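Before any comments, here is the structure.
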Amino acid sequence: MNTKVKIAGVEFKNPVMTASGTFGSGMEYSEFVDLNRLGAVVTKGVANVPWEGNPTPRIAETYGGMLNAIGLQNPGIDVFVERDMPFLEKYDTRIIVNVCGKTVEDYLEVVERLGDTKADMLEINVSCPNVKEGAIAFGQKADSLYGITSAVKKKARQPVIMKLSPNVTDIAEMARAAEAAGADALSMINTLTGMKIDVHKRKFVLANRTGGLSGPAVKPVAVRMVYQAAQAVKIPIIGMGGIANAEDALEFLLAGATAVAVGAMNFVNPYTTVEVVDGIEEYMEKYGIEDIRSLIGSVE
Amino acid sequence: MNTKVKIAGVEFKNPVMTASGTFGSGMEYSEFVDLNRLGAVVTKGVANVPWEGNPTPRIAETYGGMLNAIGLQNPGIDVFVERDMPFLEKYDTRIIVNVCGKTVEDYLEVVERLGDTKADMLEINVSCPNVKEGAIAFGQKADSLYGITSAVKKKARQPVIMKLSPNVTDIAEMARAAEAAGADALSMINTLTGMKIDVHKRKFVLANRTGGLSGPAVKPVAVRMVYQAAQAVKIPIIGMGGIANAEDALEFLLAGATAVAVGAMNFVNPYTTVEVVDGIEEYMEKYGIEDIRSLIGSVE
Amino acid sequence: MGQKKTEAKVLYQQEIADGIFDMWMETDLAQTAKAGQFLSVYPRNGGTLLPRPISICEADREAGRVRIVYRVAGKGTAELSGYHVNRKVNVLGNLGNGFPLDAAEGKRVFLTGGGIGIPPMLQLAKDLRQEGKAESVAVIVGYRDHQLFLKEDLEKYARVYVATEDGSAGVKGNVMDAIAENGLEADVVMACGPMPMLRAMKRYAREKGIVAYISLEERMACGVGACLGCVCRTVEKDAHSHVHNARICTEGPVFLASDVDI
Amino acid sequence: MGQKKTEAKVLYQQEIADGIFDMWMETDLAQTAKAGQFLSVYPRNGGTLLPRPISICEADREAGRVRIVYRVAGKGTAELSGYHVNRKVNVLGNLGNGFPLDAAEGKRVFLTGGGIGIPPMLQLAKDLRQEGKAESVAVIVGYRDHQLFLKEDLEKYARVYVATEDGSAGVKGNVMDAIAENGLEADVVMACGPMPMLRAMKRYAREKGIVAYISLEERMACGVGACLGCVCRTVEKDAHSHVHNARICTEGPVFLASDVDI
């Protein structure tokens, strides 16, 4: 039984990854799961310099999901390369580094720094709804997405994944723009912009007012967008959005994703990632599926 | 204690309405709730001629919500005017008729027919994700939204509510386009386009493949969009999206909605609408709020 | 119709076949329950919101007790199957039209049930026996295997003929095989079961020139006719919808086989 | 750290004050539980996903039993408060650093708790009494009214001074008033309670030139340091984050008052 998948020439032992920002740099969850069992660890977004992130509250619970407005707090590329990379390199799993920035130059600086590290792939975060400058601005207009993608591609030594925002009218158009600009793969969806109000205090629950919605609540939107994007482009897609178990993950594969990532549900059940890996194998066993790649986009 | 609100000169005894498509024309739920207690009944979308709608399955359950792909099945304007209007006229509640069409002409024909009925307002559905032609096509581009809105306004004898789609990059831009074209009010959100796949059958759950996501799962997105639209335009907004109780409804009012509508939750608890009416009054009582209008947009 | 959403109390629950659960609930909905009608049962966990439509298997109208026999098909029914005695459950009922008892008057009646379509046949057999207007009532039920749930209950009210897919009991095959094998004859058919069986019954009735009432299933949301989620194709324009769609939850679930396009 | 998510069993639950519930659970997390640490408790109904961080009130390490005393603040805790004995509940623990017992060595210690910040003081008082290294331990607790939950438990391990907002018991006012009124002195303060109280304790410690350890609260998601949701401002750059933010769930919840910007 083959569970290996390939994205832009990089082979993954299985299609199960972690969604950026929900798994730190793997250290915290290594208490709960054997990182060696994951297809890849996708790190928390890292910028050229340390970011303080947003004030608290940064978290709000919603029905079947959560809102977060962390604001990409991160220690900066220096600490990341010195502390987090060596930790991840100890494991037999792929390392995908999520890159964030406020300006194109910010992104390029991080991308260059990562060029001579053991990072297997780069995921460019152009879709974080929680930071004022940069980020999502690049991810909501096809031409700006094209611009940042081609700029990154010129500098990147590793294959580039563009992480797309679901807060758009036409996800297929965005996917085509990234592909046209040379993106090696796409990941989707980032969070849907949402808001929660405390009606008793008559105040916004999040200090940032708006936050990013994730969790099982958004899964139907995520599956739809992965399907639409897969119909529109040839490059592989990493699907995510509310995956809580193997069946959820399989939905994304059938919709056209080559790999999947577990996000918010890590917070609900720290064992979710490995349970998904096991569950996918059981499913393949049950239905006599030899090669996981035969499932990709096979919905009818 | 005043719970009355006014939209485009029309007064409502309270801000609680039903969301189009979730309440039929009121007849079915009159078994469960006293329609006289509602601010308004918003009818199922009606077209110039009967529509068959989509094949089944038309319904799929999702975490904290549901997908529907009814496809605006309706008996057409003739039956509606002869059968459903007289039924609704028996009640002391406002009647808002939801209008759908495949072409501008379709919409205008229905709008004209309704001109000499007792309909208090018209809600123009330019955001149904489940029909190929018309509908959402008009609701996802600012210029087409402007076009249909001004065309409808020229013919309409009643105030016009434009029902906006959440499947857009910039809801504020859409809200401004509708306002600029003369819309008297906005209602939002219609459903988010979603998809569900049966991983065991490896088939789409809905015959239509995609459907509209509604229910508590989408509430954070709906509240955010109502807030953003309220910041962008001066015309009143009817807020909806996963309202299950008075607190949910109050979130929309605080975000800037002048009225709210209960949708999918009617299916979960047929008494939801009246429970929301009662709950809002209890809230006003508890916090000594004299006039409900003082709550509108009062979040800080 | 007197529909309402109410809180029922679980009185009894047991697994009577693999994945098939038998539950008695205390609710005054029992008083008006008709054979062929269904209840919408609401689970609570894991973000499930929509009710599960489950047909009424038996109603003790005097004692105010309703029995449902259902198959665990997903999260919602799995949760339901874990309910212990005295647990409160939200139910909406009684929904749908039910089978027309009058149509049995002076007739030889087949009650055919397949798999999880068998339960509604119990109350139907009970009512027909009570009314005693039918000339004869034969119950023909099709099972997957030897786990003949509800067979003994059915035998209290009518002669029961069994078919099993694996031949481990009764006639090997489906209800049609059991009818043929036993040389049974009828003037009226009342059926509930999987679509292939219902199509077979419709065909059978047409050939024999008799009437068949079939109970249909579809994914539902509201259960009361508002959402138009659970429609079936109709031969003529439906009086309510004015298109070739009828609401299974309201105009149905029981239809004259000749009226629907299945 | 040996953190894990496990299934605990409810052994006892009772409402001990308006909206305040007292629950004992059976779980082997008890063996490693430290005073000041917390558990993430997972509700199941109504689409709630995130855990509720609840501080450990008492841990019977031998018997493998943990006690939490919590206030019903929303849907999740409301569900929790309805759990009966033997009900299984998912908990993640033991989380956070806990109070530093060594800091009490040879010192006069204040344990100050306000409202729902009182519970962690019980295990802390118990451990300090057991170690017996502190010169003296005084517990100062502030309540809303005369419902002095946990007071008797606390008195088993230390002298308890009470303040109530409405003056219905002890000193009228807050813990600061109780300290002044009773002319209490200390070298170390360990506190948990509402932000105004913690700020007061921090100020008090600065003025007296003593150290204060305060337990902070914030909305959490993961509870294990991955999501960066529950941070507090720090005076110096935090060693892990390299910015002026420390993770309350990991570097905390107990901080040296002088290290955090509250």
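As written, the chains take the letters A, B, C and D, and residue 1 is the first residue of each chain.
To be clear about the criterion, a contact is a pair of C-beta atoms (placed from the backbone, for glycine too) under 8 Å apart; a residue touches a chain by one contact, two chains touch by 3 or more.
The model shown is predicted, which means the values in this text are computed figures rather than measured ones.
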TODO: Go through A-D and B-D and name the pair with more C-beta contacts between its chains.
DONE: A-D
Open item on the list: Measuring centre to centre with CA averages, how many angstrom lie between subunit B and subunit C?
Closed with: 36
Open item on the list: Quick check: how many Å separate the C-alpha centres of subunit B and subunit D?
Closed with: 47
Task: Centroid distance [mean C-alpha coordinates] between subunit B and subunit A, Å - done: 33
Task: Touching two or more other chains - residue numbers and ranges from subunit B - done: 62-65, 215-217
- [ ] Could you tell me which residues belong to subunit C and also touch two or more other chains?
- [x] 46-47
Task: Chain-level touch network, classified as line, ring, star, complete or other - done: complete
TODO: Report the residues of subunit D in contact with subunit C in the complex, numbered from low to high.
DONE: 44-47
- [ ] Note which residues of subunit B are touching subunit A in the complex, please.
- [x] 62-65, 67, 140-141, 167-170, 192-197, 199, 202-204, 210-211, 213, 215-221, 223-224, 227, 242, 247, 250-251, 254-255, 283, 298-300
Task: In the complex, subunit C residues that touch subunit A - done: 47
Open item on the list: Which residues of subunit B touch subunit D once you look at their complex with the stated criterion?
Closed with: 63-64, 216-217
Task: In the complex with subunit C, residue positions of subunit B that touch it - done: 21-24, 28-29, 31-32, 44, 50-53, 56-66, 68, 70, 73, 75-76, 79, 215-217, 264-271
